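Letters are used for the chains, namely A, B, C, D, E, F, G and H, taken in the order the chains are written, and counting of residues starts over at 1 for each.
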């Protein structure tokens, strides 16, 4: 039984090291996964639009240009992924993470949410369309191990 | 030139009266629109799952049942709408609103965001995929007036 | 807020009167729903193929012809419905009901399962993709009342 | 004429050794196929949800969590397969197998049913949408040999 | 149970009166169907391209222009129909009828073939993807009566 | 044979009166068509973004806002139309008209081009994906008359 | 500029050696193409259903079983191909070739027809949806050379 | 983190060397991209139809044949690409470039426009649906570097 690698996209929170936990966990277990992510350098992500395409006086258009350049990457990688993991935390609004979850739901692409118990009520619509809710990166790794089993 | 009514879905914030402003504004101008909404009674929306389908001890599953019952309505109405308006405010997380926006983006359904200027950075991915950002319900009505012009 | 009727398809079990309960319940509450069903006359459903298109010596082909004629109706009505209700009981195999549920899941069409508690384990994959699990026709009516609320 | 391998998914019955017959048959004939399956360890499949994501008091939610984790694997592999084989037997309800068949039918993905003659009437809707009905694993191997011929 | 009319498209053979048999049969039984057809005036159908858009010296381009103008009608009506009936006869090649059948198969739209027994071998691929094979217009009417039953 | 009206969208050139010719021609012949158009008031179309949503210093963003507001109308009406007519002239670049044609081609929606003979080379890719090339509004009316014939 | 091979499917006529001409022509020119075909052994193609799955007394069902087994191959390979070539000749009805063309048209998959000039009128609908009409296998090879040019 | 190459399609203007700038720029930076293009030999592109498939007296049909042969290549490569770059210049009408942009918009495929500032008004609809507007090939390379970052 030959099997190509699974492609996993890690969406959401960028101010903690949860991606490393998942990447290292998958690597330690030798899982057949290719993991891709958005650009997680906060400053680069915020500035890429104006850095590359020119200054904007208006903050809205600065954000607009940056968000669209980032979207070239994120949309493409999400569409090409088999499973998406969406991490929510207690800092920032993270509307982009919920946006990615809605995008996946509409495309019929399975996603796993990753967040603490204290925000389950606020995330109820996002969790309701997910295939699993994990509380730790380790649980995500265990799910990936289980579903990718040769 | 005969023209059927446009169907408009109003997503997001439920603790302010922005929907009434839009509904009344469209009505006052005689716009050819049918406006639909999620259930905006906060308590009914939270409790519908357990009210109808039975008690849950665990808050997560209570929310899960409720969110799924609500989703029967929201997904169906969003899919049947021509334009979606998504309102964000400064209270609550409103991840469901961002989820709806992501859902629309994936379906190629045009949506308009409605929010104040102070949250443009947090909403940059959501705004970047929108067809317009309005600051007031009145601007939404003006857009609807313009696009539905016979 | 004008709203067109919701189309509800009632799939599954045909040897009990659960459809009448739902139809009467919706009617009694004046819900804005149009309810459609497969042909529920068991004998007509089994024989339609050979009755209309000619005798078959082989039971397999008799069933094949009948199942395909019925599928013209069932697929068309399911695709045109907003919500599907799938009823499972303790008699017969009802693989066609599970087939309809899988069809809905693939199309992203919301469905509600209706069955007793004693078969939840056997139905876990079917329930997992449903938007709600109801134990009684009355609960289905309550869900329809809630989601179609003007 | 270069040709990439065909991907075959084997759905349904897990308490008999039919998958080994097909895998060994394809291997013995050197067919250009990659065969994938759901997790066929019954206990692991039932418990994966609570094992990985935490205990549930309620059997329904235990099943729900498990079925959704399994669905991450099964949906993904079905969508990536070229042909699906669905096996039905005389034990258990196997609603999940019929669910997979309905899923394939909706996606336009060809599937072959595998079952004895005594259940053809109960399976008539499932067989009617199939591309072939095989009675033995050997017949499935012969079909795969025929259709994948270089 | 309110039910909108079913839309039926009658494709294929234009040199016999089979359409009238079906239209009259449906009318006599009061079936809830709206029946649509291609332009069945052979000469008008052949000449519409050059009649409207200008003379062509080359027969290929005359046919090309005509076939495309007709396709505006046929594709649109087929896509909007619930069921397509495709009639094959012993005269002419009727490749357009087989083309319509292939089009329906790809779209997942149910179609019924209508033809005599002597051409079943030549039509085996077309029949294999059909939901029913009828030998007479009367059988088609009976199928439509059965599937549209309120 | 009942038949609902055909929806026709008239895209492209706004500085000549070709739309009136088509609308009047269809009306004079009593064709069963509902004709819809983009906003054809050039100034309103250019300014709608900044008029409704606020001033922009940068011409690019002024155009961006306006084009997106207009797109809410144009995309929605194109998607809901059965046939699109795209008019090209010798003035202006009319890239938006070619954009609409490409959009239709990707959606499989039939469109008719309307333009003089002197620009056929420049329009060859656009014409190649069209169902017809008309030189006059009168020819468009004749096509619509032919394809909508009851 | 790296480029993966193009996949070409050769549909239609099986009683002449046109496929060999195209395969050899592509090979001689070193084109970056992978060519796939239906089973072109006429007898094997006719008998595969009953050979593998058991005897049928009725010719219709013999053909039905065979056509469906073949369809597992043909549909899958057509869907995976970039370009389809459909050959029509003066012998047999070749409704399956026209069926494949209609299937491609509905999927938006480009196809080239290959046939003599004497049947252009009968093939006008099939040609009208094609990207090219070739009269010789050599022309098909030239088209493939042109479009796959690195 | 393994990552397959990104496929980039370069559409539009063929009378300047902008493609070489992008190809060389990507190569110099070692970006993980495979770049594909339409046939950019103007004469070959104009004549391919009649060169391969035979002379046409009428310029319209000469263009038609050529445009369709080219479309086999361009549609296929656009559909297989992850990102499309569309270049507009001040010479020629370049309706084909706008057509490609509309095609991408309808497919949800991200595209970047490349053009000078003096044509922003004429391109406002095309730019409004783009993910970025670049003024130089170097900016396109920078975007590709950013979005394909491992």
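The rule is simple: contacts are C-beta pairs under 8 Å (C-beta built on N, C-alpha and C of every residue); 3 or more make two chains touch, one makes a residue touch a chain.
All of these numbers come straight from a predicted model, not from anything done at the bench.
Q: When chain C touches chain D, do the two copies use mostly the same residue numbers, with over half shared, or different ones?
A: Mostly the same residues form this interface, as more than half of the numbers used are common to both chains.
Q: Looking at C-D, A-B or A-H, which pair matches B-F on over half of its contact pairs by residue number?
A: A-H
Q: Starting from the mean Cα coordinates of chain B and chain G, work out the distance between those two points in Å.
A: One centre to the other, that is 49 Å.
Q: What is the distance in Å between the mean C-alpha positions of chain D and chain G?
A: 30
Q: CA centre of chain F versus CA centre of chain G: separation in Å?
A: 37
Q: Do you know which chain C residues sit against two or more other chains?
A: Correct list: 68, 70-71, 133.
Q: Which chain G residues qualify as touching chain D in the complex?
A: 5, 23, 34-37, 39, 44, 48-49, 52-54, 65, 68-73, 75-76
Q: Provide the residue numbers of chain B that touch chain A in the complex, in ascending order.
A: Per the touch definition, chain B meets chain A at residues 59-60, 63-64, 66-68, 70-71, 88, 92-107, 117, 119-129, 133.
Q: Tell me, which parts of chain E touch chain H in their complex?
A: So the residues of chain E touching chain H come out as 56-58, 61.
Q: Using the touch rule from the top, collect the residues of chain E that touch chain C in their complex.
A: 1-3, 6, 82-83, 110, 112, 131-135, 139, 142-143, 146-149
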